[in-house]
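In what follows, chain A forms one complex with chain B and a second complex with chain C.
This part shows the complex of A and B:
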């Protein structure tokens, strides 16, 4: 019985992993990049330099929006912090919805290149570049399959403790299995946590029945109960300019016990009924939605204050916060990044194992899986490099500049997939990995040639955000090139073995 | 506190791996370690518990636990890599981590 159960779990693990494996790999890797979403955003806007005072910067941005978008029903801003220099603003403009990255020193968007920045990877991670709600539903389904693959994988793995530290190289399938196991087991708590909380973030979309049963179509009550402390009032129709925004924001900081401000919403700007809502920075605590304050935008009087205290909602906020990792101080942030890489590598090695462990099935499907894996897995880091290259090479001020960066990403990925389909897997791996190595290794050079904030300059000025990005790019590039060299050296064995079979 | 906790974890995983016959033979091929399985295992779990206790005692224990779980993965990964590339250095590495952890605690 016992072997029967394990075998069926192994079967489940293999197929659950394969069905959406390529998608899961893409979600895992873009999710890993999202750990540094703010930093990526800053690197992709090299014109912007940080401003020391987030209150002054946000107030300046609000002053700019008063002139630039006086008729918008509301402005939503993200205050700059130590990880992100720009202020992100969004507002409705007629039927359009506009996003703007604003300079923290001037509060204006002038001279900043248009880019999606780290937001692109963040959005792709759970929307997969598909229209709402299909991308989210697919991502959610993939997450659930990931959970199935993880649990069936743990059951299948007979020697979790005996093989805890075991990694043997140069032994073909055995080595792949070792790598898959070690990467999966060592960061197992992270894998389970990130998958479970990830599925949870989209749970209201995939399992809405609880909400439907309690609220029906009454979404207003639902939102009011899920997120109370949200202060709303009707436009009065009497125009009135905003009062002393800086004083309001400074007061909010005092009430957060010196904690930083995060999101700021200005509702009914230009009206006597204007409201300024201030949320606490989500980096200040583990739970995701933190304290909220609502001020009268004209007089600056405090209208409402709310801090979440309901256990169930707090639990959800903590689980959500765990997934987002915004609370994480720098050591934890790097651990999130490394564990995310481990998860991506676990999925990739699992995909390779699927073909390696089925040597008898040399049919069309087998070849297709093997070759698709090459292009998808090795192609994604190439596409990510291409996204960054496009950011540095596309001229500032070009029409639809963010779209060009995104197209560079998808075109390169598609090209890599075609290349992977066309080449024998062994050669495909070596060649695409070499391309990935070049793409990442040359990225700091491209950046140094096109901006004033290249690696030497940022090292001299102690600009650790830019230096860090470039150094990580160099590390990825070197690692990929070394892997490519290693794969290339092992080449000759393959054709010799295959030739007699063909003759 | 993070540094001390991380170093203790390194010592813990080094000890736990050396308590296993296969890895003991990799690190000390003449077999002198094989007799010390039980003490090594006890030491390993003790260091592990100590590092968790250390992190819980520090301010901000919620974020601390998350960090500690991540550090576990990193420390174990270092031991795996050591066993792969420099197995003979592992006992010394584990031993050196202990005074360094103490130093990190004091500084």
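This part shows the complex of A and C:
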């Protein structure tokens, strides 16, 4: 802490950014990957090729579930759309909770490799692979620290406009600061928006007091009033097969008036009190919570319809939707992706700056920060590449295949962390960045050798999803290798003297 | 050369950190409750607005805790506003 407003804000910016900085970097980068969650899911299931009618596909999936999971209390499905070919289904199976990607033609999971797909990055982004609710609480705390770091950073930074045009390369600390400033300032509205709305997505868990003030412990009334339109009824005990599911879904599409089907929930399947709830696709509008319809699953009669039009709740839904970015057509989706990369790079350069700008304290803590940054920042992209490699290399049909992919991710990240701790940062950066470059550059090759949808084939057939993924992988790989080469060749700016370690 | 950090300084930083995290959260919670009960709209809507406002209050409180001259002033400001908000929430009772 220093005296003076701007100085104390500079101090706060540095420490608020450092405390959970590595975690924030991981959240920012996996969140950035999540922009293309659907596309990643399709790339990781190369067996699925079709993108047919979503009504027929979803109806086929429900017919399959009637045979595969007749005793589940409910099935939850996500209809395929122009971004994702498979139907995602999940349901409780005894004490287990099952998740399956179903083929849009047959409605069955046969022949599709089991994988979490882009869902893995999405979940990690806010659950951090920790048990509920701790991952979400930690992610919220990190988000709040990020918000404080952003605000104090803006206050610290009085020369925002001038620094927008300033980038001095090859000047050590000054260059890092310029890079941090340019990346931070350039996309500042995005950084503020995504951080605030990110904390907001978990607010019912972390800040329920506005709701508690009016509803106390009565969560039933609370849900009914705050998030209405959800039709519930008890199981009757009388068995009855589902009616004409395709007609129900077709009717929902007509009522959405050009909008598409998003999520479908089938409750009490096989019972006379079966209900089919259809949610409008959130890709069709800014607000996250769209129209809801509830049908009698047996007779097909419409039981309830709801569309949100209360100003405050709609505002909340739009803020939520802004974070999810599901509404975004492809131009804005790429902008989300690029701004997310800028945010990740701002955090990473901030972590580097923390050590570079404190040359006086080369103690244990200082070394630890410098080396942890190497393993986290360079290690995470390596781990992501490993996740995709495992997807292509692990045999289809292997037991716990999704688990193998996830373990490949964490083992590689842990190995990179250990490597980063063991090596001098200057060498560690160059070597890990080279690893990252190889991992990403060779990924399209691995994919071409193990599937029929390699880069040459997808370019010839105009398969832009697969071609796009492979081209992005090549771009990341080339960028990383060039950086590694630059780091390897770079001579130290000034001869370094060893200083006695200060405690 | 790094200036030596006094114990008084370190305690001050620790105190402000607790004020920002714990005090800031309590303040945001109290403001959420006050807004949820005081806003003249349907209670579901009031609760929603209050929740969004609370998320703006918390970072502001954290900034305040480190911006003011002393840890004591940081605490005083946060406790005063949180107390006022809690009193309003308590006096109003749940939204009809």
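Throughout what follows, the second predicted complex is superposed on the first by the 487 of 503 C-alpha atoms of A that agree within 3 Å, B and C clash if a C-alpha of one lies under 4 Å from a C-alpha of the other, contacts with A are read in each partner's own complex, and residues count from 1 in each chain.
FYI, a residue touches a chain if its C-beta (ideal position, glycine included) is under 8 Å from a C-beta of that chain, and two chains touch if they have at least 3 such contacts.
The shown structure was predicted, so the numbers you read here are calculated from the model rather than taken from an experiment.
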item: Fit or clash between chain C and chain B when superposed on chain A; value: fit
item: Which superposed partner A:416 touches (first chain B, second chain C, both, neither); value: neither
item: Greater chain A contact set [chain C / chain B]; value: C
item: Partner chain in contact with A:203 - chain B first, chain C second, else both or neither; value: second
item: Touching partner for A:286 - first (chain B), second (chain C), both, neither; value: first
item: Touched partner set for A:336, first chain B, second chain C, both or neither; value: first
item: Which superposed partner A:182 touches (first chain B, second chain C, both, neither); value: first
item: Three-chain overlay, closest Cα atoms of chain B and chain C, distance in Å; value: 20
item: Footprint overlap on chain A, comparing chain B with chain C; value: none
item: Chain B contact footprint on chain A (complex, rising order); value: 162, 164-167, 169, 182, 186-187, 189-190, 193, 286, 322, 327-329, 331-332, 335-336, 338-339, 342
item: Interface residues, chain C side, partner chain A - complex; value: 1-2, 9, 12-13, 16, 20, 28-30, 32-37, 41-52, 54-55, 58-59, 62-63, 66-67, 69, 89, 94-95
item: Chain C partner contacts - residues on chain A that touch it in the complex; value: 1, 3, 5, 8-9, 11-12, 144, 147-148, 151-152, 155, 196, 199-200, 203-204, 207, 209-216, 222, 225-226, 310-313, 315-316, 319, 360-361, 502
item: Contact set on chain B toward chain A in their complex; value: 2, 13, 16-17, 20, 22-23, 62-63, 66-67, 69-74, 76-77, 79-80, 83-84
